[in-house]
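Shown below is the structure under consideration.
Chains: A, B, C and D, in written order; residue numbering restarts at 1 for each.
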């Protein structure tokens, strides 16, 4: 029986492993200056439809966030995020460890709004307060929700107005872009942000995030920043090879779409049972609200994580599907839930 | 024709890739709490011959150095290193970026001596100077040399006397321990240091360093430190799987020994030609001193790095062999060098 | 006409200036190792009634907070504070600049409660979240309120239970201890905290805060931390001389009591006029809630700071009295307010 | 009998204390936005002969260095200094604590040369090494020596060529500018550097350094940086008042010239006795080389600091004169030395 614990439980898509095997007989130069990284960057640029962008491959999400945020801020500047943002919650203070405060607002269903940003810009004025300089959002968010084009454009415009950089954490960007509710393209993402990344770890790679620098002012010397934070891999080509595979023949999108389809099926089952959800997630993370007893049973059986308390008797738990989720396992889960919840 | 540029040019040993392929069909829990990491740690403990040590798997050398050094120092403390130490030269100020000064001495052939340590301890006294708290050495060193048991014990004793932690950068520990000049065991290393690591990236893994915490005082909460610096991989089992392979059937030592054997052969050839070496390296890095013209030719043909200027007309360049070096390629290189240098 | 803008508008009490003049003809050794600092420390120890404490003199509040907090935390640890806490609001991210996250709760009237601490301790569990290690409170608070003995003991006990250090920002400790609602002594403060400071800048000194380390584990090498953060003054005796004066003949308490008396008089006037207050402050900061028009007039006339919006038509502004406030000026202010508000 | 230990032994010139006394009856607004700071800045601008510069008042040298250096560097950039530079030796790693490596060269008599800078620029190339971005020099230096106009212009030109900022630590700038060997004006200093400071602590003020930002690119938001590092004093006017006095009627220069005159007299006496000096200092710090026995006697009698070992039997000790040094005390010292050394 499969777990629905997270989307990084299975090592990597076989195409990727096969490519790594093939490359073990080659010699590649180090630190991401090899041909695999070059080709992977070309494939991504082609997919985005832009030439004038820089692409760097890093090992993981927290690392990409901390390098991406800290490199572009002056010592006294801070980054705006929604309270549930990954950098504010589950990174053990990684951004603060680089010296920068995170300025938060509650947001809505895991999403930040222009109103939140404006409220911070109006509060943080003068040299006794941290100077906001960047906005951090995730797409899909930590609550499974996604930004639509109108929402992202509004945030982008708000950032432009206040002179803020916009950074998009795309650890689950594949899931966002292949969601049936999505109306954004990779090109939109690139046009509306200064810097974002395309997560590989949670979408079929052994590890790796492709960071895209869109704002020309942010390109210079970024490899220095990577090296200093331990993010310039000696075998950079191990990341390049994986992104080559992911962006060849649309594998990246196929894998993410599969995870979403599996989640949609599970979501429909919960809906049919009248189970409320913490957020109306159209991606591969679902947050059903169940009684504490049911939660215990499901967490044990499917490895789900406890998410948050809703009231004395109820809580939300998280189901996550992945590129490797087998449909039969989803069916098994649905059958079990139906039995359990219909009692 | 092969390059002798470095020991991270080839992706990974086939056994490792095969194990990753096999694991792609499993589900593993994240962040290094899986069974592969547990088994890898058990294998390493068995190899070391100690139970009471903690083992963590990190992605790369600079990352391991910066987490390993910064976690154990108070804000005003510094780390002692030889001038040529990797943290002092080729890590873009990663240790300083965590807030700590590196206190250096010239050392000898890449090695630090108790005399160097004492000289620093006598200079750095009082609150106007950084307080030394840790000694960092590499084995093998950045100059290819190794510490013998007597030297390491002397440094260990000196550290004990002054209350300094001893950290050993083992990015190339395999090459050191399998050198024909070596008289140290892994158990000696563990007994004589507070913390050290067993490098995988430069000895057959795709990536990965196994950090061993020997001093019980340093064990608590180390995973917090890893997470904060972006060093706790979501797919931690990708590292565990690799070290499982490396420490099963002595693969780690076999690979390192092969690299050394290849280097020895090359070294003998240089010796036969009367070529002086920058250091008398018994490991997989060699630093022949040649004329600037010869250097140009060899760097171009074999991808060797320029190491340092020796005089107006001569310089040292670096040849590195690896776990994947093919003997026939060494023979080709020797033949070429003999023709070139005998002219 | 006097301003009621803050308690650092007037340079220093004449006794202090006179002592500095006298000392200009002496020679003192530097960096706080002089006899004035020694005598000032002795006077403070006597006032506290404890011998086994360490006392250091620093230049200002933000500096004292940043050194006091950062020195005792491991890199991945954070400090708990109420949202309105000075370190969280008006220090431009000084604590984050040393690498540490501030974990906040809304609190009540500027005060943190054990319930707040417990709620954080229950949330921040596991290596993906910052590890709480210290509680920061201010007394008096940024809202003018004070902790009574029962409240402080409850916080102290809560800290002990969870193994948290307790740091008390005493930038306005004089005002707290001489408030008519106060039931705490300096000895209580020392017994119930690990580290606290006695603010001089806001109570009659040119500059200077006396940091008291009560927890023996925190004493070692603190001067290194001061020096590193630029807080070890070359002319440390300039701070010692001032605290000598302040703790001779109870001057410190007399000055603070005067500021409180002046504030009480003003508070009574507002009360008589039926003006609501943002908090029921018994110290030298008052936060009357008035209409936006009245606020404009008073801010202009008395230099009051805008504090916060209360509703569309009303806001709170801050009146601050000081050691130097002249009673006749308070009377003038009262007369003016009565005319203005009675209209 | 007077000590010649340092130039921060005596509190402050009477004019300064008198002005502080007078100001204790005023009300001034906080954080350096008062009229005293404005007037002091005007006086300094007039003295420099430039209008288009920004002036900020900070509390001490280490603080000024750490804020001045850290604010202008990107995370992966470093600062070039001579090995004996104050930031590299006697500041407990304050610059490294802000995340930046100091790149050093031995220099000559405490001075850095263009050759040193070039040698670093040629070594530090590529993203594996720290990127040099600023040059730090002191005038007068930690060895008592000064830069002449030609030397400073050469360094300035070298910085321009490599795109490096030039920061001048002027903790003892008064002594440098009034030295009989000096050919630099304040205007030259401003024209040839990006940022420098005029030290008050070591030239008659209770405390205080006036930081001058000459490069327009570095002006924006500097007060944020000050506040974050605890360097924006609540009673900023206490610094303003002192610099007002120092730059009224040339007091700053008169005090420094006096210190130099006293040192010159002492230097002549040593010269007459044939005592060699560690450096040919034309300022208020002298470094005679004497036998270890003589050194012990003089250190005890005059509070001199041990400076460095010269050979087994000899060492250098430091004599420092100040704005407050009394000529008769110099005469006493000379008489004593003559008796001691002529034996």
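To be clear about the criterion, contacts are C-beta pairs under 8 Å (C-beta built on N, C-alpha and C of every residue); 3 or more make two chains touch, one makes a residue touch a chain.
Keep in mind that this is a model prediction, so the values were computed, not measured.
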Checklist outcome for this item: Per the touch rule, with subunit A out of the picture the rest is one piece
Checklist entry - Same or different: at the subunit B/subunit D interface, is the fraction of residue numbers used by both copies above or below half? => result same
Checklist entry - Taking each chain's centre as the mean of its CA atoms, which one is farthest from the centre of subunit A? => result D
Checklist entry - Hey, how far is the Cα centre of subunit B from the one of subunit D, in Å? => result 42
Checklist entry - Which whole number of Å gives the spacing of the CA centres of subunit C and subunit D? => result 33
Next on the checklist: For subunit A, give me the residues that contact two or more of the other chains.
Outcome noted: 75-76, 91-93, 97-99, 127-128, 131, 224, 227-228, 232
Checklist entry - Can you list the subunit D residues touching subunit C in their complex? => result 2-3, 5-6, 8-14, 17-18, 20-21, 23-30, 59-67, 91-94, 97, 201-202, 206-207, 224, 227-235, 237-238, 241, 303, 324
Checklist entry - Contact residues on subunit D for subunit A in the complex? => result 70-71, 74-76, 98-99, 127-128, 131, 221, 223-228, 232
Checklist entry - Along subunit D, where are the residues that touch subunit B in the complex? => result 75-76, 78, 89-93, 96-102, 127-131
